[in-house]
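Each of the next two complexes has subunit A plus one more chain, namely subunit B in the first and subunit C in the second.
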Partner chain A sequence: MGILSGFTRYLRLLGGLAVYTLNRELAFRGNFLVKVSVEVIWLGILIAFYRVVFARTSTVAGWNEPQYLFFVGCYFALNGLIEMLFLENCNEFAELVRTGDLDGLLLKPIDEQFLITCRRIDWGTAPNVLMGSIVMVVALVNAGWHPDPLRIATFLVTFACGTAIAYGFMLMLTSISVWMVRNQSLMEMWWLFSSLARYPKEIFSGPWGEPLGVFFTYCVPILVVVNVPANAMVRVLDGPMVALTITATVLLLWASRRFFQHALRSYRSASS
Partner chain B sequence: MSIIEADGLTKTYRVAQKKEGVLGALRGLYRREYREVRAVERIHFRIEPGEMVAFLGPNGAGKTTTLKMLSGLIYPTAGQARVLGYVPWERADAFRRQFALVMGQKNQLWWDLPAADSFQLLREIYAIPPTEFKSTLDELTGLLGVEKLTRQAVRELSLGERMKMELIAALLHRPRLLLLDEPTIGLDVVAQGMIQKCLRDYHVRRGVTTLLTSHYMRDVEALCDRVIVINHGHMVYDGPLSRIVERFSETKLIRLQFEADAPEDLNRFGEVVRLDGPFADVKVGRSQVAAVLAAVLDRHAVADVSVEEPPLEEVIARVFEEAHAGHDAA
Partner chain C sequence: MTPLETLETQDSAEAGSTALPPQHRYAKYLAIFRVSLAERMTYRGDFFLATIFRFLPMVTTILLWQAIYEGAGKMQSEMAGFRYRDMIAYLLLTHISRMFSSMPNLAGGIARDVREGTLKRYLLQPMDMIGYLLAYRVAHKAAYIVTSFIPYALLFFVCRGFFDGLPDPATLGAYAISLILAFLVGFFFEASVGMVGFWFLEVTSLLYIVMTVNFFISGQMLPLDLLPEPWAGLLKFLPFQYMAYFPAAVFLGKIQGTALWFYLLGELLWAVFFMVLARVLFRLGLRRYSAFGG
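Right, the complex of A and B next:
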């Protein structure tokens, strides 16, 4: 199978899975509406909080209000994309291992990683991507931003890289479930991850903050996930940081896939 | 070329041993003890194209573990296997396209959606051409009599109906090999019969090679000519179903109906298992059947007589007991 036909097939499958999960969500529309409402309220609170902060100061860690608003929108869209595509699937993985229901997925003639991590789309968090995008556009308008093809292209590439880095970390955390069987710490780890990614890396200053900032930029590159695309679009187009983000993405995707495949070799399949 | 070749297939698990009480649990945090469980030990067999083989053994014998190794779900500790020409645990897509594993206690259909939606998704996953998909689906729903149920949410179907849908889902891509792990577990007699009939008809039409595990001997009698028995991970029998009865049962059952009440002295011929008015069932040694029949017919007025093999359940139970005794002695 050629790369292109393989890619088309997986894209079609993703579309099919998206339709079926939407059908499933709509079968329980009350639950669906509550989930969407909670996300809208959460974004409202987040924006209100930053408005309060910027009512008292003109910059936070070197970011002015429209720039920071763009950062918030970027974080919200990226986090929404991850939650929509992967979080629920990865969170369910431990249960699949514990009950042996993973068997059914491993028997299918498609890539296991794709099927396990993409089989359900969480439509309840899909509006976050849209809302995040709207916030980004509003921030750009407020900033009087002029379209720049290079910045737009860099933003799109680094935004995709940020999503891939977050996915790579999540896949590694998920893989541990094969040995731990119960892996309730995944959600806690994800919360830690998204908490770190939520702020500009400039806030990590001072004798304690700086080493932390360096560690979470170069060793465990969580801080590049939102910072690099947001910076590229509304602040400095930092070539070395973009290169670092792309390199980290390739390495992390490769390492997380190897780790996941290694974990599957240890799968014992629960007794029937 | 054989469809399944298993050579010295072995699977050993390391199972954590938990001590009782809070202190035991705390101790387990820093020093955990493990026990080695040999689920399957050096089993060898071949299955040829088109065969329907029963894979029998008591609970914990290693049947499901073997099926899981053959389907590539788990890696063996030792030994080799080739299934449809592939090493199963490499899980090549081309291999997974050609077989199906149905587990009676697990479901692969989407619980909240109609089975038809799951079938469509499987069509995408297995890349089944639309015309082939439609004809196979029509054939299978017809065979199982569930044409009107495919648009109903799976969670609203009865256990028997769900199992039929599972079977359809497993056969949609026309597998060359079908691995069935207790497909009729928990089903009533009618649903069991329906599943058996579907499997038999499908086998006749498509010649699919089938390996079946079941605790229901009716499934085995209805579907399989060959039986493989394992116990404690070891293979104890591999041969025709008819021969297992000869080999492991030393007796036959003579069912007699006398013109008058059955005589009281039948126990001198063998073990009387039933004595009820003119009816009597006597278990006698296989080599004595002719002599006993001649003696009874010579002395008494007999209205009807038949000679039967003992029920398969009884024979299989005996096989398990013998294997168990052999294992304990070893």
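Right, the complex of A and C next:
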């Protein structure tokens, strides 16, 4: 009962914060439109890149063009969700630590992790989820895909797990700023780190690529974030990989929370 | 005396004299360089972590292109004049190009100075704003190049198999010139974008669009030669190719003879064009500037 009421309380809070940030965003409609334009351009560039590539080859690491297009759409939607919910919040954490403004947030009677990582929703990146979904649908049509409830259910579950895994990694990266003080480049760091999730894991081949692929699948499982949902939908429904993704999600959410709390214990207020 | 106090003393001294010898006139920019270098090295942990992370996209890029060439069955042949080895070498070299031509926060900083009124600090002191920003940027680039020298040297050593060795001295000379000009094109291009802040208070959005488009059309994702015509030819006439594609292509010997001189001249002209543009926009902008802020 206590857990349920706590959950609904946080859900209500999240809803309130979402409405507040949406109103803020709509106060600067021009800026919102430009942000969306940038994302449209970026998606256009990604598609143009793969059009150029697939004009010269029929497969990349065993993925044909429609399958790869689905992968790109899945990455774009998942990354959009991460950016929308967490990236801006985590990016501000370093500045909160540096200036000591974190004190104010820590005093509030709400879970620190929730308040720090979920207090703002970046509605400017919300259309990415839609754009990524459109690309996925186009790819499925191009591939002549037939609806399969099991694949759809697995995709939805692993997509949610992928988002949670990415969030766990982002939270860990964010926590480091307590010790490094100025981790202002978190946005860039995240972009660099998440580049590992941007490609099919089959590209990790060869004498040094394969061990790297194994490392980033089983030890630091960033490779499963997009690969497993995309694979489940358009290629192989791999049971063990799905199980690994779900296990990794639980472990990483737990570990990242512990790490974040440990980081907060090391925080020394910079304010007077 | 701190470096800032030294700078202040030099400026005060210069303010009272209109005919200082050149070595004194440039001493203040040397001081800016020293202060900026010290500032850059303050947050070393953050800096080194970011440097390590910067190698991750290179790793995935190498693996992706390996998969593309294998998929096309062209591991032993060429794609638009690029063998697999050339492609990886090219993409590694674009990082060196960007090391010189990328200017993080330059345009945004200028626009912020205009918006918040802090630009007046350049107007009240006997210092040219563009000159100050240039010295500051040279310092940051120097710090970045020095601190990332070892990781980059290690990377290029590990990836030496993708290269056919060092090019001949003439090509190396042309490469060095192309990089210096890439820095100038990048600096004055971004400065020009920042000057737009005199007319539109918020340029961040414009900057995002420019940077996103630039990522593709400067050749950071793939060599421009892979694009179909007329796009490949068109993009080689624009200034953006000098910020990534051109220096890398020069190093690999893809551009030689008359074409090399032609494009080097083009790079110089674009650098001069943006230098003049930034200066003109600054002058015109100052007429509109109201020095808002405290």
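Some notes on this structure:
Going forward, the second predicted complex is superposed on the first by the 269 of 272 C-alpha atoms of A that agree within 3 Å, B and C clash if a C-alpha of one lies under 4 Å from a C-alpha of the other, contacts with A are read in each partner's own complex, and residues count from 1 in each chain.
Assume a contact is a pair of C-beta atoms (placed from the backbone, for glycine too) under 8 Å apart; a residue touches a chain by one contact, two chains touch by 3 or more.
Source: prediction; values computed, not measured.
Superposition model on subunit A: subunit B and subunit C are shown accommodated side by side without a clash. Look at A:Gly6: by the touch rule set out above, it reaches neither subunit B nor subunit C. Looking at the shared chain after the overlay, A:Ile110 reaches subunit B, while subunit C stays out of its contact range. When subunit A is checked against subunit B and against subunit C, the one touching more of its residues turns out to be C.
When the two structures are aligned on the shared chain, A:Arg265 is found in touch with subunit B, with no touch to subunit C.
In the overlay built on the shared chain, the residue A:Asn23 is in contact with subunit B alone; subunit C does not reach it.
In the overlay built on the shared chain, the residue A:Lys35 is in contact with subunit C alone; subunit B does not reach it. In the superposed pair of complexes, A:Ala48 makes contact with subunit C only, with no contact to subunit B. When the shared chain is aligned, subunit C comes close enough to touch A:Phe204, but subunit B does not.
Of the two partner chains, neither subunit B nor subunit C is touched by A:Gly239.
Superposition on the common chain A brings subunit B within a closest Cα-Cα distance of 6 Å of subunit C. The residues of subunit A shared by its contacts with subunit B and with subunit C come to none at all. Subunit A contributes residues 30-31, 34-35, 37-38, 41-42, 45, 48-49, 52-53, 55-61, 176, 179-185, 188-189, 192-193, 195-196, 198-200, 202-206, 209, 212 to its touches with subunit C in the complex.
Of all residues in subunit C, those touching subunit A in their complex are 42-43, 45-46, 49-50, 53-54, 56-57, 59-60, 63-64, 66-68, 70-72, 74, 79, 202, 205-206, 208-209, 212-213, 215-216, 221-222, 226-228. Subunit A makes touch with subunit B in their complex at residues 9, 12-13, 16-17, 20, 23-24, 27-28, 100-101, 103-104, 106-110, 112, 265, 267-269, 271-272.
On the subunit B side of its complex with subunit A, the touching residues are 13, 64, 68, 71-75, 91, 93-97, 100-101, 103, 105-108, 110, 112-113, 117, 120-121, 124-127, 153, 181-182.
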